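These are the structures in question, set out in turn.
In what comes next, subunit A is part of two complexes: it sits with subunit B in the first one and with subunit C in the second one.
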Partner chain A sequence: MTGLTVAARQSLDRPIWIILPLALILIVLAVFLGVADLSPAMVLDVLTGHGSENARLIITDIRIPRIATGILAGIHFAVAGLLLQTITRNPLADPSIMGISQGATLAVTIFLFFAVYWFDSDPHKVYQLPVAWLPAVGLFGGLAAGAVIFLLARRHDLGPLRITLCGIAVGAVLHALAMGLIAGWGSARIEIVLQWLSGSLYARSWEHVLFLLPFTVAGLLVLPFLRRSIDLLRFEAPVALSFGFPYRAQFTVVLMIACGLAASAVGVTGPIIFIGLIVPHLARFIAGSRFNLVLPLTLLLGAVIVTAGDLIGRLAGGAEEIPIGVVSAIGGAPILLALLRRIR
Partner chain B sequence: MNASRSASITIAALVGALLIGFAGLLFGAKSMHFDQALTALFWPGQGIDSIIVWTLRLPRSIAAFAGGAGLAVSGYLLQSITRNPLAAPDLTGVTAGAVVVIVFSFVFLPALSSVFYPFIGLAGGLAAAAVTFWVARGGQASPLHLGLGGITISLFLGAITTYILLLGGPQSPAVLFWLSGGLQGRSWSALVFILPWAMAGILGALFCRRALELLSLGDDAAQAMGLKLSLWKPLFLVLAVCPVAGVTPVAGPIAFIGLAVPHIVRLLRPQGAAWTILLNVAIGGFIFVTADVIARSIAAPRELPVSMVLALIGGPFFIHLVQRRNFMLGARA
Partner chain C sequence: MPLSCSGLSVAYGPRLALNAFDLTLGKGEIRVLIGPNGSGKSTALHALAGLIAPSGGEVSVGGRAVASFSRRDLAKRLSFLPQQPAAPDEMTVEQLVRQGRFAHVGLFRSYSARDVEAVRWALDSTGLTGLAERNLRELSGGERQRAWISAALAQEAEILLLDEPTSFLDIGHQVEVLDLICRLSRERRVTIVMAIHDLNQAMSVCDRISLLDKGERVFDGVPADLAASGLIERIFNVRGRFVTIADTRAPHFDVELARH
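== the complex of A and B ==
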């Protein structure tokens, strides 16, 4: 697939130092702006350790954990996308195309379905759904889907193209099952599933940050050691093997990391589509010929884009905010289609 | 395969659909004995059995047959235009395009009569297909390319649909029920909805079978034989979207039939486009009738969404298909 080089062909080195201050400004903006009317002075008061009880609650318990969750999830999706694109040698691999998001969706749906069915037959107890379990359940589902794809790929010794097709197939099946379950539900409580399904950072708290953080740290600690294998995985298996490179073992490791990052993020936020697709391309585009910058840029841009998208969704929708998954879908689809069109 | 074998397989599938359809009369919220169903079917009276058979189960099975046949032909047409094994209504965004505009009309334009839904769905499906084909250069690019373009469009439209449902509030359960894809509680009106659109696709394809045969030789060869591709391909695209536009407003998005049935038919190696279309009709109808009967009898008196049944049957088959060596129809991978 020659498309891998679409972005890289632009060998103009674009200034990177601009992105860092932009990212900082964006995060500050995200802290200061919101639906709750807090003047900048009040926010500053809170940040310096003063401020009213109410303002402190809004800033430290609602806005900052939400932003932190968004940053971590953005990093997860973007890096997972980069890894999947590398190992499948397909410029359009992404957790939501490879079936990982759909696996998480199905697991969450089944879990909520049984939780409602068994424990909570009283229709008034809407809020007693075990929502706190969703990240763990989503993680499990995403990992299971990844394992199915991996086993299928391994059993038939599939090339990258067939792995992608397998991912699409598994994703389609899981999606159909989840949709059937949601629709067969016949209860007003579907709103919780819908909210989760649209990919939202609404009401994400420090618990979610703590849930994500170990995965982020583990992933980021392992990645520097895998730089060589990520470089070599770009080649066909025989070529990589001729370098004395344990192709299958490395392939497995990288796939597992990608699945872990993607599944944990999907569990917390729900599927935020297209982040994993677009960010690596953007990073390659900006990095130009400086290949060693692609990974750090992917991290940075993943965080920036999710934060920005969430800020837009919060401000544009007013009290009924637009979920980040919808913002990213609307913003991402045109970029992606243009990208696809350029690939021959 | 010669024509007589094609004919016998077609007839076998039709008889199978009839038998399953008749067996379907026996099952459901109220189960029936064989002779009861027979009496109700051929000598309808004023009894409850006759009403169940004639207003609920029979029209439903016929509608399922028409819908399945139409969707299978739709998938066959899409795969013929693109020579791409992944071209199917659900994987090219056609279904998602039809769904999103219908959900939009349902939630935001409640005054609009549902009579217009097939037309709206047709417009949405065509628009989504147009974008997918624009991205995939009319299917000239690699199969993966079309698949990825279609998935991208489907994911995008799916996100929009979810958001509309979130905004829809109290109306959402009704829409979701429809989204699960099923024929629950449908009577003759469902058939009236589906039949013209499915027939448009099927008869249109049969009518143009010569062009389809030329297309199967490949674009260059077809053009050399005097086939005007710029005329025929858009026409086939419209014909392919018609059944989807007819089925989706009634039964919701039905996945896998349009994808899997043309592949099953190809495995049977029918002779010529006409037999291919007829086999698609017979097998597509048979599978949907079977799935519908399973969906309403396995957990009676409750119903499973038929889309789940189809996913459970069609999914493993699809995954198996992807792994076959000769899956690519000779297109470059």
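== the complex of A and C ==
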């Protein structure tokens, strides 16, 4: 009886080994394909240390850092989504329920609003605006919003429902404030904000990779130690506490890690929030009954889907590329609907 | 004295849900809490488990204040199963029961042979060995309840608090759970407090019984004295009488229905 159910279940599980080679092929494709017309031979030349100056610039200073930024951001969004869905016990949770993307948006908006005066630049010239500061400003805004929501929810005992409601309310206010500010503007600042809001990997460089990397490394180093916490945070607090689990402390730790990962990624790419919503569901679907594979799969799929989405956006849009945030929302919505149909 | 409380009061806002509740248990004792819906049984169990801070009084476990324990140390000695806990989706019976070992393994230590054996014993005691690989979602209400009881057993605590462990079980599984509880008390000397609705089951399984009404403890003693007190008819607002079945057994309450 037992043997039979186990065998039946395993035959239903999807093959996982296939994802790794697919991921590698995808990354290779992302390096070889792009708007700038470089033949595969030219790309190979660059990768083996030869090639023209121009080709080398395109590959090592534009394409590869862009792909690397996408991979890191994809991991951040996906893992943050999984952690938030776990601790709020809400299958529709993503970084936006902790107000992270809204906080980051407001911070970026305020920053650009005042930047004109601080940096004494002409607001009609986009590239004179201090865009290099946006990741740090976005990170700060996202973390600040997360902290406010956490503190509000803590006064009411940190229930998952409370934190979700606080997050939605605070997020809505922050978003409205940002929109209000933008509506009052003219000028090129709007273009930057809109580009940022759509979630983009355009012109992301090695600096962005270096900005993200410490968060990725710190997050990935602690994750293995959180496996048991993540299991126990899926229970209601009285049950977890009765098992002897220090619920509040661990809830706080996991929440902080999720906020750090999501806010740093939002700072660099803008809100590509759909990834955080959809990848954990996809990972659970593929993992089937092998629950311990959900976390590694979430990581892998986060990287793969952002890379794939960005490649599609680059190729489909031609010179006017489609931002990854838009691609992931358009492509992700049907996938999400299909996956959610499995939930009762 | 494994578990006791004195003057225990719990308030939700301005309302007292439990007023000056006293309880003293000996090792291996089975204590049953009965009372109408909303009389404070769950509240008393939560307070005994250290899950709500009382507005007055104190709970002590092994002579030490419950508030002075870390959650993990407390869980090694006291295990609590809430009324109708919600199961996370995508979790097998065995995975649930393994969570019961948290107090022993903590956040990082891996499961030892001792832990694996405790999980096996807990599954076996609740007749779930054959269902170990099943997803909790695919179980009947009764099977799921047994899985939760199994998780509480895996904790191997010397005190077990159970909130309505037999509700939603068919009569066969109800008796199975009650037998298991008796065995734990007699063979392992586990001290047990449970809330239960079936009066006759309550009377026959317990050593002593406490009757709650609107947060007040209106009776505390052996089942025969409760039968003699006439309180059941008054508190539950029913008519009936206690009949003796056998000298060695608790009297049986026979309800009188209005249609007779």
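Convention: the second predicted complex is superposed on the first by the 312 of 344 C-alpha atoms of A that agree within 3 Å, B and C clash if a C-alpha of one lies under 4 Å from a C-alpha of the other, contacts with A are read in each partner's own complex, and residues count from 1 in each chain.
Note that contacts are C-beta pairs under 8 Å (C-beta built on N, C-alpha and C of every residue); 3 or more make two chains touch, one makes a residue touch a chain.
All values reported here derive from a predicted model rather than from experimental measurement.
In the superposed model, B is the one of subunit B and subunit C that contacts more residues of subunit A.
In the overlay built on the shared chain, the residue A:Phe274 is in contact with subunit B alone; subunit C does not reach it.
In the superposition on chain A, A:Ile322 contacts subunit B only, with no contact to subunit C.
When the two structures are aligned on the shared chain, A:Ile182 is found in touch with subunit B, with no touch to subunit C.
Of the two partner chains placed by superposition, only subunit B is touched by A:Asn90; subunit C is not.
In the superposition on chain A, A:Asp231 makes contact with subunit C only, while subunit B stays out of contact range.
In the overlay built on the shared chain, the residue A:Thr164 is in contact with subunit B alone; subunit C does not reach it. Overlap of the subunit B and subunit C contact sets on subunit A: residues 1, 343-344.
Against subunit C, the residues of subunit A that register as touching in their complex are 1-2, 5-6, 9, 89, 225, 228-229, 231-232, 234-236, 238-239, 241-247, 250, 284, 289, 291, 343-344.
Contacts from subunit C toward subunit A in the complex involve residues 46, 49, 51, 70-76, 79-82, 85-86, 88-92, 95, 99-100, 102-103, 105, 107-108, 130-135, 137, 151-152, 155.
Looking at the complex, you find that subunit A touches subunit B at residues 1, 90, 92, 96-97, 152, 156, 158, 161-162, 164-166, 168-173, 176-177, 179-188, 190-191, 194-195, 197-199, 273-274, 320, 322-323, 325-326, 329-330, 332-333, 336-337, 340-341, 343-344.
Contact residues of subunit B toward subunit A in the complex are 86, 90-91, 131, 134-137, 141-142, 144-145, 147-149, 151-153, 155-156, 159-160, 162-163, 165-167, 170, 172-173, 176-181, 252, 255-256, 303-305, 307-308, 310-312, 314-316, 318-319, 322-323, 333.
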